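Have a look at these structures, which come just after this line.
Next come two complexes, and both contain subunit A; in the first it sits with subunit B, in the second with subunit C.
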Partner chain A sequence: MILASALEGLQILLAWPNILYPVAGTLLAMVFSFLPGIGGVTLMALAVPWTFSWDPLPTVLLFGALVGGGTFMGSVTSILFNIPGTAPNAATMLDGYPLAQQGEARTAIACSATASALGSTVGIILLVAFIPVIRRVLLLFGPLEFLLLAIWGLATIALVSRRAVLKGLIAAGLGLMVGFVGMDPRTAELRYALGSEYLVDGVSVIPVFLGLFGLAEMMELYVSRRERISSQSDVDAAAGSTRAGVLAVLKNPGLFARSSVLGTMIGMVPGIGGTVASFVAYGQAAHGAKDGKFGEGDIRGVLAPEAANDAKDGGSLLPVLAFGIPGSEGTVLLLAALTLHGIVPGPELLQDQLTLVFVLIWSLFFSNWLTSVLGLATAGHFSRLTLVPAQIIVPIITLLVVLAALAYRGSMGDLLLAVGFGVLGYAMKVHGWPRVSFVIALVLAALFETNLHLTLRLHELDRLSLLDRPISLALFALLAATMVWPVINRALQRRRGVSS
Partner chain B sequence: MRARGMLFTAILTGVGVVLLVQTLYLAPGSRLAPLWVILPTLALLILELVLEGTALPDRAFRALHGDTLRGTAERVELRLRLHVSGDRRRPRRSRELRLTLWGALLLALVYTVGFLAAVPLYLAPYLRVEAHVAWSKTLVITMLTAGFFYLVFGVLLNVPFPPALVG
Partner chain C sequence: MIDGFVAKLGRTVRLARPGLALAVGVVAACDPGGGDAAAASSTANAACPGLDGRTVRWIVPYTPGGGYDVQSRLLEPFYEEAIGAEIVIEHRLGAAGRVGARTIRDADPDGRTLGIVNGSALLTQALLGHDSNIHPTRDFTAIGRLSVPSPVLFTAWDSPNRTLEELRVGTADGPLVFGIVGVGSTAWIWYVIASDLLDLDATYVAGYPGTRESSLGLMRGEFDLAGYTFDSMLDRIEPGGLRPIAQISRYSAQPLPALRDVPVVVGENGLAAKRAKELGEDPEPMVARAAALARMFQAGRMVVAPPGLDPLLTSCLRDRFAQVMHDSAFIARAAGARRKMAFAEASVVAAELEAAGPELQALGAVFREYLTEARTGSAGR
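What follows is the complex of A and B.
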């Protein structure tokens, strides 16, 4: 039944004029997500009223493409200018921008495009595989599992800041404290808000990313008097290689598979989102690398977050389609569009309208591949932007950062926050403090604290039996391995050094 | 540069102390996670400050990275970097001051006349005065950039920018 519906869904997608909707949706999503601070979500919000009078089928085709088309292009601005197109693309900046500085922008963009296309394919395959057992899978995740996931993400901080472990741990502590700003999730008490109404809802990650990376990088570019972003002046040398970017994914099948599966699983869990998925994937990539220089331009630092970020799209559709529970802003708007057209998510949808579900899945798949193919084709042109003289690019990118901060919520507070974090990011960069530790901790702070409280409460009520929770046991094992492996690895390396 | 690095660590330590004091004033239910985080962070900040102040980073570096060939190479690279940046301290500081002034101008313009009007008012003087770009090129870049921002974000997307003081 699933196969027949899948084939029927594919036929509907490819039929004329149906195919125009995902093509138009993908192109629009690509343009919107290339504009920092605007992103595909804004486009989806604009598209909801457009589609009021449409039939359900074109709406499903369009929204599938809008969900899929916006994910990849955000990584292009991350790689070229250190400005995340969307929050989940922030992890790509950590190694993508150093690669662009080394004249490897095209390689990084090509790697990102390939990882995105293949990652989304893994996500979609897992989505289809999990449809029959989704209820049981989702019930396996509770507060303890989320807490362990957050701790696992935090445990990777020491690994991603291996050149300055002490500073990395301090930066992580400060990142967590910034994440605690605002209302306490349990008592609703206001913390560290400095009497400001703006901070009641906490610190939003978008202005922090814009400041800490985008503004700080422009400050450094200005102060250091470098002539351009890329260290290469020759057009051909600065372009890097599309082939090398594609091969980087194919040469690291293990890392790609781990990141994609991780992204899909995190995507399936409502409320965690792509930002956590990409940062956790980045952390596990840094953990698994023996020789890499993560944070200084390691191509695997682009591969892992991009594969996870795109794979998460497939995973995040599961709770929406099966239960009507959205896990991100994008899926909230998708849900709104579906329900406005009488498509009510739930078990009935998966049974009675499986073909329509597959139309959505195929549209997502199609748009992910279309953006990646276009990304590969245009990688060379985009990478030339890193050769524009710094004296021209600095004010223009600064204006783009200001625009992104203002357009995010129309608040002057976001701009001031971005400027504040820009100064902090510049100081951290100049004095050798790892910014990645700070942002990983900031992203994971809410997940950590909320689930810490819930887990402690369940423990108090004696409703937490570890032996009944296989996912928890697996996460405990993973956590232990993450902690112990570097020690064993170092001992092994010393032994090899002595024997040689 | 090393003194400035210490000053930065000292500022972070000060922020840590303020956060700890604020945390102690919170209700027990609200301060559980923050207290678990700020206490070790503050301890590490003080350790970092002591290490930087007593010229111990070299020994600490060895402790953290092992006395390997790579560790030695990284120490040499770090020293070289500190030396080079020390030599360039003065021009760096004057560039930072100029950057602060340009940043303040942009913020003031955005606050008073709004973002879209601030784009040409900031970009043209920057390109002409700071970047020494020719007048003709300055005008073309400014008009193209301001036009793009106005048409795409002002007209097409109708982005809700915060209200300006004037206009």
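What follows is the complex of A and C.
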């Protein structure tokens, strides 16, 4: 039955004029996601009323493409200008931009495109595989699992701030503090809100990313009087290699598979979203690399978050289809569009309208691949933007960042926040304080805090046992191994050194 | 002034982003619905005074894609047809809906700003003593009520305890555990109400990111029960999912088989009165308090405009709203999206709330007591 529905869904997608919807949706999502701070989610919010009078089928085709089409393009601005197109692309900046500075923008974009296409494919395969047991799988993940994932992500801070451990830890502490701004969910008391209503709901990561990386980088480019973003001046030398980018993914199958599975898994978890998925994937890549220069331009630092970010699209459809619970920002709008057309997710949908479900899945798959193919085809052109003279690129990007901060929620507070973090980011960069540690802590703060409290409380009430939760046990073992292995490895190496 | 400019810029950028024209061109070229307008109302009216062809901001105080957004979008094409203006939905998020509510309240009373507010939540926040209190009928020009929540207590379907009484007995060696999003949230209010009216020995686990996520916690067996709106959990009432065990209302929320034998809390034969009798207490105060609570929920989701709106315009907006709410095309559309509407005239809601005033104040004292316990750590953490 699943195979027949899948084939029928594919036929419907490819039939004329149905195919126009995913093509149009993908192209639109690409354009919107290329505009920093705006992103495909905004486009989806705009698309909900357009589709109001449509039939359900084209709506599903369009929204599948809008969910999938925006994920990759946000990485291009992350790599080229250190500005994430969308929040989940922020982890890609950490190594993507250093690569662009080293003249490897094309390689990084090609790697991102390849990892995105293949990652989304893994996510979709897992989605289809889980359909028969969708509810049971989702219930395997609870607060303890999320807490262990958050700790795993936070442990990355030690790796990415190897050259300035103390500064890295202080920056991470600051990141956690900023992440804790707002209302305490347990007591409804305000923390660090400084009497401002703007801060009641906490600090939004988009203005922070725009300032800490985008504005700070433009300040640094201007003050340092460098001629351009890339250190290379020759067009060919600065182009990098599309082939090298594609091969980077194929040469790291283990890392790619781990990142994609992680992305799918985190995507399945409602309320966490792609930003955490890409940062946790970045973290596991850093943990797994013995020779890496993470944060300084390691191609695996682009591969891992992009594979995870696109794989999460498939994962995030699982809770939507099973329970009508959106797993990511994009699927919230997808759910709204479906509901407005009388398509109510849940077991009935999976039973009675499985073909329509597959139309959605194929549309997502199609758009993920279309963006990546277009990304590969245009990687060379995009990479040349890093050769544009600084006196031209600095004002343009600065203006773009200001507009993005304002357009994000139409709030003056967001702009002020971006400017404040721009100054902080510049100071951190100049004085060698790792910004990466700060943002990893900021992104994971809520996940860590919420699930720490939930886990402790559930344990206190005797409602949680580690031994009953196989996924937790596996994550715990992995976490312990990650922490202990470097110590054992160092001891072994020392012993070998002594004996030789 | 700057804020106004920023808001306008944000709106403009959002509405006129590059690609939008392309989108409309490409996508509308093959408009599968023929642009018919399921939306088009069956009624034709002259525009409301001063709104003909104008743009009206419709403020939604919660996130895109949520219940408030979906209901607003369902209403939008019908209401804009009825009032003769173009409605543009704008999300003003923050402070549990207060930012959006304040945006409407502080706008110019020219009919160009309307929106939807969470009436019962605003009342709750006022009762909790939070600052910036905004009353859903006194501080706005109320247009009418769109819908009301149907709060229901659920337990896990697979739980051996299938009624409140069985739960009480089954967990006799410890408190009943509720799952909630946060202290002060709607789910927390339901925990307070259930504990107070039904004299439950209860505590809670707080911190679930949203009600839907907490429903997964309930299915995983992390806590015993939780309150959700019935409509939001419709697809989960089945084996392996959730089981409704009490309705926090005077009458059954919906005539569905799933609620057939589920007792109500409010009323003379409700669970609150029965519990008081079991304890040998006078049931009257409990009945009155439960009734005040039911009235508070009746504030529901209110459509409002800024205070001081011209009476002629107010009357037109109210009439047209009532017209849409009775429009069969709108009702069918809402039913298709599984959104239950519950229209009431603004004056009716206001009168209900005023009548419940003293009892609501008493309820407020209970809320504040529980809030203090939460903050001093003597209640669930």
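Here is the rule we use: the second predicted complex is superposed on the first by the 490 of 500 C-alpha atoms of A that agree within 3 Å, B and C clash if a C-alpha of one lies under 4 Å from a C-alpha of the other, contacts with A are read in each partner's own complex, and residues count from 1 in each chain.
Assume contacts are C-beta pairs under 8 Å (C-beta built on N, C-alpha and C of every residue); 3 or more make two chains touch, one makes a residue touch a chain.
Source: prediction; values computed, not measured.
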{"item": "Which superposed partner A:Leu415 touches (first subunit B, second subunit C, both, neither)", "value": "both"}
{"item": "Which superposed partner A:Leu28 touches (first subunit B, second subunit C, both, neither)", "value": "second"}
{"item": "First (subunit B), second (subunit C), both or neither touched by A:Arg463", "value": "second"}
{"item": "Partner chain(s) touched by A:His431 [first = subunit B, second = subunit C, both, neither]", "value": "first"}
{"item": "When both partners are placed on the shared chain, which of subunit B and subunit C touches more of subunit A", "value": "C"}
{"item": "Subunit B versus subunit C as contact partner of A:Phe180, first or second or both or neither", "value": "first"}
{"item": "First (subunit B), second (subunit C), both or neither touched by A:Val223", "value": "first"}
{"item": "First (subunit B), second (subunit C), both or neither touched by A:Leu406", "value": "both"}
{"item": "Partner chain in contact with A:Glu348 - subunit B first, subunit C second, else both or neither", "value": "second"}
{"item": "Partner chain(s) touched by A:Glu197 [first = subunit B, second = subunit C, both, neither]", "value": "second"}
{"item": "On subunit A, the residue positions that both subunit B and subunit C contact, one per complex", "value": "35, 38, 42, 186-187, 189, 403, 406-407, 410-412, 415, 453"}
{"item": "Sites on subunit A touched by subunit B in the complex", "value": "35, 38, 42, 163, 165-167, 169-170, 173-174, 176-177, 180, 184, 186-187, 189, 191-192, 219, 222-223, 225, 391-392, 395-396, 398-399, 402-403, 406-407, 410-412, 415, 419, 427, 430-433, 448-449, 452-453, 490, 494, 497"}
{"item": "Contact set on subunit A toward subunit C in their complex", "value": "17, 20-21, 24, 27-28, 31-32, 35, 38, 41-50, 52-55, 57-58, 62, 135, 138-139, 142-143, 183, 185-189, 197-198, 200-201, 270-271, 323-326, 332-333, 335-336, 339-342, 344-348, 403, 406-412, 415, 450-451, 453-454, 457-458, 461-464"}
{"item": "Subunit C - residues contacting subunit A, complex", "value": "2-3, 6-7, 9-11, 13-15, 17-20, 22-24, 26-28, 30-39, 63-66, 69-70, 73-74, 76-77, 89-91, 93-95, 98-99, 132, 174, 177, 181-184, 203, 205-210, 212-213, 215-217, 219-223, 234-236, 238, 240, 336-339, 371, 374-375, 380-381"}
{"item": "Contact footprint of subunit A on subunit B as seen in their complex", "value": "1, 4-5, 8-9, 12, 15-16, 19, 22-23, 26-27, 29-30, 32-34, 37-38, 40-41, 44-45, 47-48, 51, 60, 64, 66, 68, 74, 91-92, 95-96, 99, 103, 106-107, 110-111, 115, 119, 122-123, 126-127, 130-133, 141, 145, 149, 152-153, 157, 159-162"}
